[in-house]
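In the two complexes below, subunit A is the common chain; its partner is subunit B in one and subunit C in the other.
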Partner chain A sequence: MNAFDDTLCRVMARHMNRAIPTRISSGLSSDPDVSIGIATIKIVTEDQIQAIAFGSLDGEPEVIVRLDPIGRDVSDLVPFANFMDQTASHALAADGALRVWIPHSVTLEALDILGHRYWQNQTAPDAVVRMGKICRILAHEATFPGQQVVADVSALLQDHVVTGLAPIEEGHLDAMLAWLDPAVRDPLTESRERIRLPASGILPNTPDYPSDDRVDRLRKEAKRATGHRRAILEADIEATLRRWVLREWRLLIGARQAFLGLGLPSVGLDGLVKDSTARMNNALANGHYPARRPDKLAVLLAEMEAGLEKAELAALESDPALREQAQHAGGVVRGVVSDVRQPRRNFKPCSIDVDSDQGVIRFRVDDKVRVVGSNVTGIVRSLSSMPTGGTKVSIEITGGFRQAGILSVDSQLEVLREGYGFVNHRAFKLVSQHQPWVFFGEGAPTIAAGTSSGRSALAIATEVRRP
Partner chain B sequence: MTVQLQEHQQNANHVLDAAIERVLFGTVPLTIVKSPPGAGKTFLVECASAVAVTESAMRVIVVTPGVSQLYDVADRLLDYRLPRLELAHAKHRTLPSLLADRLTASSGWAQGLNVGPGVLVTNVHLLTANLDKLTPGMFDLMIVDEAYQLAAKDFMPVAGLAARVMMVGDPGQLDPVISIDTSNLEVNAHKIHWPAPAYALDRFPDTPVFGLPVTRRLLPDTSDLIQASFYPDLPFQSVVDPNDRRLRFAASGMESAVDQALDAIARGASLVAVTVPGVAPAHEEADPDVAAVMAYLADRLLVRQAEWVGQRHLTEADIGCIDPHVIAGGAISDRLRQRGRSDIRVETVERWQGLQLPISIVRHPLSRAGRPTAFDLEAGRWCVSLSRHQIGCIIVGRESIANVIREYVHRCDTVAAGARDATWSGFRAHRKIWNALADQGRIFAL
Partner chain C sequence: MTVKGSTALVRLAGNPSCEILGAMVMQEGSEKKFYERIVGEPYDREFGERQSSKRRGTQFEQNVFAGDARLLRESFSPFLGIDADTIIVRNLFDDYPGTKDDSRVARLRITRGILADAVAGRPAPHIIVQPQLLLPTSPGPRPYFFIAPDVLVRSPVDGVYLPGDLKSFIVRENEVAKGDLARVRLQLGAQVLALMHEYHCIDPSITVGSNGMLIFSRPNGLNPHAPRVEDLGGAIEAIRIGITAFLQHRQRINELRAGAEPFTVAADLSPNFQDACLTTCVMAQWCRQRVAGQASDMGEIASEVLGDMSIQHVIGLMAGTIEPANDYERIVAVQLRELAAKHNTERVA
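And then the complex of A and B:
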């Protein structure tokens, strides 16, 4: 969405006292059978998790509070580790289909750090090591554009609705939810009230809620205390952490319900789901192996680029609102068929002319294109300006020859570029076998010198040049 | 041509000879040739191909990152009497009319290609798609044209297909397009997202590198500024004789800044700017006033009957408009159409890369509302914009450009630690160029 449309939507949202959907379809597939939620509270200065709420999304979560989150004893993490292992087993039984809901990206960072800390820690219990691996797998999966495993509900809401807040304020999940709750009459006032308390996976430290300082102080006191006094202090820490991690959990659940409540259909995401599921299945079964070798890095990069393209095309294909924005920028062409050249109806060869009012068109000659909502595909063979200011696009049809409703004069259609995004695993397998020295060698090999005549290359080229 | 220009020219010829000698007959399998804009990259490719085939009976493959570049190379190689010249492109493509009757193209890979001494021209993606039909070392020489536009990851599958590889490219222009954020990849030992020559030099710093020391496109004043701003490690000079690039108008101008700018070009200033009062409209993707001025400039060139002295009167085909953004470019096209100048080409910077024309009219990327983005400041994009013209380049933008440059504060976290910061180098280039234009009285305010 461009800046003008974005601002306009925000003004409308402010006027209507509710969030305005900016998409007509969802970028997230339906929840698979194995779907869980995780919310965390971390120590701001240490990036260590001090409380975790986790569990299925339709019940109360299990909560772990860590009295000594920077200590070496990690046995307190074992319940979470066991839960993650069970979840991974269930996901594997479902061929890798998994969904992990988190309230925002801070939770993902916390899980990633947790993973880095323990996935190869030989002094940690096996269950915690396994948990570390699973956390790394999840964090890695989240880096793939269009992935369908990690559902960061803050990001999802920001991708699908606009509120009357400034964009930076929408980073606060609780504030954003005020615009999605019909019971809130004045979401602007309510959201700015909510912004006073952080919603970013940390303890608040405001004048009225100095919880972070307080827990810090209680921990120091508890270290020095013994017996009943120590138990009281620890109970106090536990209660504080439990309260705020449960708030994060409730934000997660509320935001998920708000997102699902938008009722946006999940269509066209099968390819992305398949890719995510395959990656998860492989990683959960075989372990996490970060790419180091050049061919593995190239495959990783190719997968990410392909994922981005697939996600963008799926969104365009299924969402008229996004197509309208893309049309403005020339990525989608809307027009009317002005000529059909098909000697035998329903058979190839066939080519059509599409007259569009658009002056800005990003298609180029020989681009592969498809007609939205159909199986009609083609190749752009020419583009020419029309005297009226629009563009005539000539397309050689390569598929969907029987779509008479589309391949007829005066039919209105939308055309978008087909994706090239795929990963040529076969080629990289050959690279792995051949190992070209530039990428795999430790030094440049020496090759046999050629025999030079000693004549100037320019002189030789001049002789070979046609008169 | 003056004696000094002749010396530069001869020096350039020596570099070209030495590079080809090293590539074809040396003992190192990879050679990199860095080239400034208009230095004769394609001419080098032509010469190397001709010598390899005729002197050493080599099987040569010229590989380009994109398909349009391969058509350009094939067109140029058709000027040579080569025992074999083949072109292979994807099955769904059609040859451009320029080549249609002169060359038979292979749609996809075919068994009979690359038999005996000769040259095959293709793009890297076709080779990768057919890699299972190819064998390592099946070519004697691979010339990678526009190599700085080819990411190392895309070079990797084809890297072993030839015993000798020459990479030719312009290190100052746009990097390969990678659609995802690559900052995390910077920590890897293998920077596979970098341009292929940069990757090779990162791994093997002793790789032989030749720098072409001249530009045959840019006039000296543009060349000096472009070299200082974008090519700190690649010294080059213009070998263009200003007498061969004179612009003359049949009709004299009025007193407007537009005509003053055009007259400045006619007096020999090959890089000038025209500023429009005020600031770009907020929340608009195109600046209608700037678009209108760009169209007016193009129109005035033709209304005043601009002539490339000794060559021809300029037509719409001799003028091009460059805008970093598609939508803003659309606004320029609209204004040109309203003036009856529909044949003047308007394209993004990416589309202009590798092309040249007598006059370019460029929208300044910092002519915008709000803080400039990394896209606006990117060095390669600005370098391409300012190095397409043979006679004159007119930069158009809001007068607020000076303030944007003066008030810009660079964030220290724009790239991963240790990574090359193209945004910062782009900003420095912007500042240097705008200050130079101001100091030389080449900014004409409307």
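And then the complex of A and C:
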């Protein structure tokens, strides 16, 4: 959303005392059968998890509180490790279909660091090592744009609604929820009051809730204490951690309900779901292998770029509100067919002219495009300004020749760029085999001077270019 | 966050036009005290570094500096191009530990001596641990800022020392979050400026590069990552701008306060409320009250889009109770009405 639209939505949210949806469809597919939630409390800076709440989303979570989170003994993590292993097994049985709900990105970061610490730790129990691998797989999956496995509910809400707060304040999940709760009459005051306590997977440390410093002190005392005194101190630590990790869990559940309560249909996400489940299925079955070699990193980058494009196009295809925003920026062209050149009806060749009121459009000659809501595809062949201030776009149709309803004069249509992102695995395989200097060398090799053909590189390129 | 030492400069660099920040830097005592004296109420939000963070920071430094800074020597060995066992380290905390001004001054003297030795070609350590530098802003109140890099490392190329800072927070694959990196780069920028000042005193012809080093913690235990060399051209310039702004604020505050304490003139100063204040400054809520009802209360982007228009004015444009004063306001009104129609809100007639 551009800055202007975003600001007007914020004004509207203030006026209406509620969050304003900015999308008509959801960017997240429906929950698969294997769907879980995880909330964590970590030690600030140390990034060690000191409490975890986890489980299915329709019941009470299981809670682990760690009395000595920076110690070497990780046996207290075993219940969580077993849960993750079971979840992974269920997901594998469902061909990789998995959904992990988390309250915000801090939880993902905590899981990622947990994974880093234990996925190759030879002194940790096997279950914890397996847990480390699963955590790393999840964190890795979350890096792919448009992925459908990790549902960061804070990010989802920020992607789908706007409130009357400043954007920086919307990072606070509890504050966001004030704008989505009809029972809150004055969400501005309420949300800013809620911001006083953190909602970022850490203990609060305010004058009225000095929990972080207190737990730190209690841990020190517990280390020195023995017997009954020690048990009291540990119970105190446990109660504090349990209370705050359950608050994180309730935020997660409340925010998930609020998100689902928006009632946005999940359409056009099949391709993204397929990509995500395939990646998960492969990683859960075969393990996590981070890309290190240059060609592997290039493949990863290409996958991410393709994912980004797929996600953007899926959102545009299925969401008229997003298309309208894109139209303002020229990314989508809305217009009327003014001419159809198709010698034989329903057969190629066919080309059409689309007259649009839009003065600014982002299409360029040779761009591959598609007509929204149909299988009509084409290539932009020319662009010209119209005397009325709009733009005429000439498109050579390359697919969907039988769509007579669209390929006829006066039909109204929306055109967007076709996705071109893909991963050229064949090329990368060759790179892996031949290890060219571009990927693997420190510098360009020295090439002996040859005889010039006397022709310019541009002329050669023009000659080999496909018509 | 405090407003002392290099942190003060980092914050001034982030918001150079805020006079309130200038007054906070000039005021003796903590930032929290400054708030309480102005507002007249106790500060009810989180303040200061958590005990757990302090402990982690201390442990990380102790671990890195232990055994004649063995881990540090191993980390810097590739950069210095010599074996870790032959690297010479001088830890100034061994001579004068503590953060009291007396200790700082003593360490400053030693640091200056080492820099002079290095310039003169006399033996000098490869790494100075806990050196002390100083950035002058004299004459006037707060005539200098103490700047304390964690280490100074002697460049094998030109023999000039580079500042380095240890960060105990966990970093994976040595990749740092953008926000964290921006802050620590500014900190290094202040250290480079202080180092430039010290070298300038020895020999004005010495060129101090705009590089600094960052050493982050690995996820496992308290081990350091390989040092990251950062080009700090932009950060140094930002710190310079921050210092210039502070000198201007100081002059204005001195004129206003006529000998009284800086906090007494806070109401006459111009704050510059911005989004980042909410996460860095105790005065954020107080400053925000001054822009209540304005577009900037909804963030910097809204402020750029709506300019000086108040939120009530914009709603009036939508409702039709206020006539648009220009084409821009007309567009805003039309767009808002379309938005209102979409969300089934009733227009306030």
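The working rule: the second predicted complex is superposed on the first by the 437 of 467 C-alpha atoms of A that agree within 3 Å, B and C clash if a C-alpha of one lies under 4 Å from a C-alpha of the other, contacts with A are read in each partner's own complex, and residues count from 1 in each chain.
Keep this in mind: contacts are C-beta pairs under 8 Å (C-beta built on N, C-alpha and C of every residue); 3 or more make two chains touch, one makes a residue touch a chain.
Since the structure is predicted, the reported quantities are computational estimates derived from the model, not experimental observations.
Look at A:Ile20: by the touch rule set out above, it reaches subunit C but stays clear of subunit B. Using the contact criterion defined above for the overlaid structures, shared-chain residue A:Val336 touches neither subunit B nor subunit C, since it reaches no partner. Taking subunit B and subunit C in turn and counting the residues of subunit A each one touches, the greater count comes from B.
Contacts of A:Pro204 after superposition on the shared chain: subunit C is touched, whereas subunit B is not. When the two structures are aligned on the shared chain, A:Ala166 is found in touch with subunit C, with no touch to subunit B. In the superposition on chain A, A:Glu309 makes contact with subunit B only, while subunit C stays out of contact range.
Using the contact criterion defined above for the overlaid structures, shared-chain residue A:Leu301 touches subunit B, although it does not reach subunit C. Shared-chain residue A:Cys9: touches subunit C; no touch with subunit B. In the superposition on chain A, no contact is made by A:Leu383 with either subunit B or subunit C. Common to the subunit B and subunit C contact sets on subunit A are residues 3-4, 7. Only residues 42-46, 50-53, 55-57, 168-170, 172, 219-220, 275-276, 278-279, 295, 297-302, 304-306, 311, 314-315, 318, 332, 335-336, 339-340, 343, 345 of subunit C touch subunit A when the two sit together in their complex. Contacts from subunit A toward subunit B in the complex involve residues 2-4, 7, 143, 145, 291-295, 297-298, 301-302, 304-305, 308-309, 328-330, 359-360, 362, 365-366, 368, 379, 381, 385, 389, 398, 424, 426-428, 430-431, 434-439, 443-453, 455-458, 460-461, 463-466. Chain contact summary for the complex, subunit A toward subunit C: residues 3-12, 14-16, 20-21, 43-47, 112-113, 116-117, 164-169, 196, 198, 204-208, 212-213, 216-217. Contact residues of subunit B toward subunit A in the complex are 13, 16-17, 20-21, 24-30, 46-48, 50-51, 53-56, 67, 79-82, 92-94, 128-129, 131-132, 136, 152-153, 155-157, 159-160, 163-165, 178-180, 182, 184-185, 188-190, 192-193, 199-200, 203-204, 206-207, 282-285, 326-327, 329-330, 333-334, 337, 342.
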